[in-house]
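Presented sequentially are two complexes of chain A, the first with chain B as partner and the second with chain C.
Let's turn to the complex of A and B:
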């Protein structure tokens, strides 16, 4: 369209008409996104500034008091929860990405049964995280857990240990499970990245005498950078927002020693009502928005559409 | 940093080991022929590690209550009880209602996503219009958001709408939060269909809707299958929002009802695992079908 030839008002009318023509096609999706994603986000922010009783009756404006309560509630060691959140997110994401790099490198080779191995790697991705965590909770039972027994039989433990009976060990078990369920997506993303490594470049590097380590660090890794960036950022959001793993593995423990901000939101919801839990949700929401902004700036996923 | 792959300068190493022909590349990526024994061991270790929890789940589902909670535990029980898969339906775990809730919520959420995503994906793939990029950006941001972070807001909204604690609420939520994946994956499939095919149909007098249903949809069915399976599996496994919105025990999906039984002193693990196998197995098979196309939809074109 030679829009530049038309005076501005005609162009504007044309643009308006084009938008109007598009609207019926986009409307169902827009209604769903606005109604069930944007509206509740706004309503949650509003709720965070309202006084609301535990059963949900609104009694007026609350100013910042919900935020103060969320961050200073006496029973909650909020510093420890923040530290847990940081450790949880960083350790799970770093371990997941490093292990996925190795795993993807392996799965990219040709060997007998590769298809089967790839399918095995998909399983924790498809399976319910609740149910996967449940198996670990059972397996690590001190008295009858099979994983405990195996650890003793392999000589790793001298006696069965009640992993899920104290906050610290239960937290680290949850970290392990979170890495386990995050590996498939991350590995597949890295694998997709490996497809774009040109074989000729690797061969050229080899002819020039570069050993496997040099080839990986100086040829493969730079090409993988975008895939790693995408996988890392999506994992940060997923892990930061993860509820079921910690809930299943540490939820029955008293206190808040194994909580991250996400699990605390849900404990506040029951204990202190929607106002305080909305306030903490808003804090989490802001963190997520910052990560999304970084994602959009770094990965620029819309550049080709 | 850009997402465009930049090929690093090939490193030149001084002490060249010349005279050795480059080895033949066997597969894609960085692969070389490696020691087949080491590869086989690696493959077995990976399969064992990734399947172990599900093997424990499956074998546990076939044991008796005294056997599965026996102290000290044994790896193999004295008998294999296939009848657990019959008795579990009327056991204390009571999985029937939860399973029905899960099936209904996932099915309708998937249908709703299809209805909302298909026209949007088709139109954004085929036509340029003002606000197109803004719309795609909005979809992308939704993709990165999860019900978990908005659960309290969703709970308040559903209360306000008077549909809290209903399947409808969970259908809407699952559809809304999985819409983005469907739009992206279907958009990329629609975009791959040559425009000339559409144009030929238009010249023959077909309207836009006719082109979509008669011409484009039959060509992009792999994208639709991917979207359907992904949304179905994600809804099937959803936990966080369900746990706050579905407050009545008899309406909750399985992901919420099952964990209630694990804290119990006398947990009937064999039934919990039996129900888990029934819930996990079909979606694993579905997921395996679309395994290769998942990345494209999830990373929204950032990784090809």
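Let's turn to the complex of A and C:
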């Protein structure tokens, strides 16, 4: 309607004024985005190309040398670190999503005490990740850990085992903890999705002779697609960037057998300074963008049902 | 179609936001709690405060002229807090220090409040951080161009390399500096011959052994050579019941100390005569292979590569460890909290049994150059006050470690006779090569890879370490 009544330049001016008028309302969000997303990201990229000594004194431009150092630092098996990163992200996200689908299905049923169970599922979410990891770290201690003692007393282990004291087992303990702390958010996202599955559709499917498995795969899952998409995407980014779990559980181990790129960034910051660790952060950033692009291209999670 | 594009955009931007925030969500390492202001702190407060008060009153008259002889004699009459600066000095300085004990924060605050009685217009900002991640805290402040005027740290060569420091003798009166035992003070002298740092506390490493376990295993005297050490450790480990022979902490915390004890025991060293780091010298490799022999020969606690010294001390305190190399703080804890553990102290064993391998560590005070003369003056006045006998003695006692000034060592020997073996070791200790500009690279490489000796050969482990030191340059 408005378009028909006014010539184009008036419309443009009107739009500009509208934008100006909207600015005060947008400002807090803009300040936040610029302040906590764009500026740090830009500064990280800038730092990646600066020569900065280990203790933080900037001494000039570095070109690509920080990237070279980050990828070729002696004794760091960089290929293994990337492989670890891939395994870490894929295993944690897939296990989390599958378990969440089952858990959400269970929590969607009505039963006595459902509220309490739903509350219990939230607890790992409410606790700080560092705290949860630390609880597992001490619980699994070979000499006085409660979990170790329980496993021995139950006869599952014949002697206490230092779960967090060699790279391989510590890495898988970290995977377990990561799934544990990722479950609540994912479960609740899926649960929210389940609420939007219309009862009539399921009934109709039943009338048409679809069994429970077919109903779930052909009716429920497609409706859950957007919810799963959001949960998966956020999980990928979160898990990929997760520092605290691996840092607490594997940070004191020698060597780099349990490192992913994110924990390696942290180790580089101490050993080589902010320049090299920023360079690896930039690489990390690109890798996560690529992973997300692949995910969006292959799975097309936002495609309409 | 349009909706899907909007959804994609939304999820992507949410993702980016998370990606940007996720990286920085590490757990903030806690600063030491200041809640436990205990009685020693308040008693430390009372006596320097009174002497400081009197000397302040005495000097305030003469301070403006500075040449007045009556003022200077009155000022020096006090019992220990010298007044070397202008009382009207008005500026602010900042201190960054690690937490040695729960009382560290209040111990520093005691010094600051005494100092402020002399120099009421100098505002002193104190930041106390845990040792864990301390280097990162210093790095953050340097990168943010917020240099602390006074830093208490275990490393100084990096700051020298970056031209950030005053020579410590510029911000300390000669009298103050000469109160520090010369052999310890020498540890703060850079490879360029300048005195960049002043030690503030010292520590020595000695072996501690559990006499009951020794008895049970039929070992009568503490081992002197590596062969005896191996045989005794294996005997003790055979007692079973989760008991280990020798505690070998090669985890992040102190891999550099444990490794140094072994290579020195084989007459090796980290640095060659020209000052170059040679981690993978033949003597060092042989020492690492010896460590491997201990690990493979069931003589040490499980997973040595992932064990910190505190974890080894915990085992010892529970009576599950025959012996380990310890320091005064850990011994004091065992004595106080675990009276059932009977122990003796002995020299650190070496390959031939005669090489002296007492290891010493000093921490340092360094002063950053903030290009501000009044801050420099205030810093100098602060350090002179801090090292004045009574003030320093109380501060050093609060750390649980050994003091570095002649006077405080004498007092310490009397007040803590149980630390006598450490005081006796102190004059002959060998220091880590802390003045070497590449020392921190070596320390990082040792902490990151030293524990690999459990799964790799000595040559491989030390080649990796050498390569990292060379690459970090």
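Observations, loosely collected:
One rule holds for everything that comes next: the second predicted complex is superposed on the first by the 282 of 305 C-alpha atoms of A that agree within 3 Å, B and C clash if a C-alpha of one lies under 4 Å from a C-alpha of the other, contacts with A are read in each partner's own complex, and residues count from 1 in each chain.
One rule holds in what follows: a residue touches a chain if its C-beta (ideal position, glycine included) is under 8 Å from a C-beta of that chain, and two chains touch if they have at least 3 such contacts.
This one's a predicted model, so the numbers in the text were calculated from it and none came from an experiment.
Shared-chain residue A:66: touches no atom of chain B or chain C. Judged by the touch definition given at the top, the superposed model places A:54 against chain C, while chain B stays out of reach.
Once chain A of one complex is fitted onto chain A of the other, the partner contacts of A:186 are absent, as it touches neither chain B nor chain C. In the overlay built on the shared chain, the residue A:215 is in contact with chain B alone; chain C does not reach it. Ranked by how many residues of chain A each touches, chain B and chain C are led by B. Once chain A of one complex is fitted onto chain A of the other, the partner contacts of A:143 extend to both chain B and chain C. In the superposition on chain A, A:84 makes contact with neither chain B nor chain C. In the superposition on chain A, A:206 makes contact with chain B only, not with chain C. Of the two partner chains, chain B and chain C are each touched by A:285. Residue contacts after overlaying the shared chain place A:296 against chain B and chain C alike.
In the superposition on chain A, the residues of chain A touched by chain B in one structure and by chain C in the other are 33, 36-37, 40-41, 56, 128-130, 143-144, 226, 229-230, 234, 237-238, 241-244, 247-248, 251-252, 262, 265-266, 269, 274, 281, 284-285, 288, 292, 296, 301-304. Contact residues of chain C toward chain A in the complex are 1, 3-4, 7-8, 11-12, 14-27, 135-136, 138-144, 158-159, 161-162, 164, 242, 250-253, 255, 302-303, 305-308, 314-315, 318, 320, 440-441, 444-445, 448-452, 454-455, 464-465, 467-468, 470-472. Listing the residues of chain A that touch chain C in their complex gives 33, 36-37, 40-41, 52-58, 69, 72-75, 128-130, 142-144, 162, 164-166, 226, 229-230, 233-234, 236-238, 240-244, 247-248, 251-256, 262, 265-267, 269-274, 281, 284-285, 288, 292, 296, 301-304.
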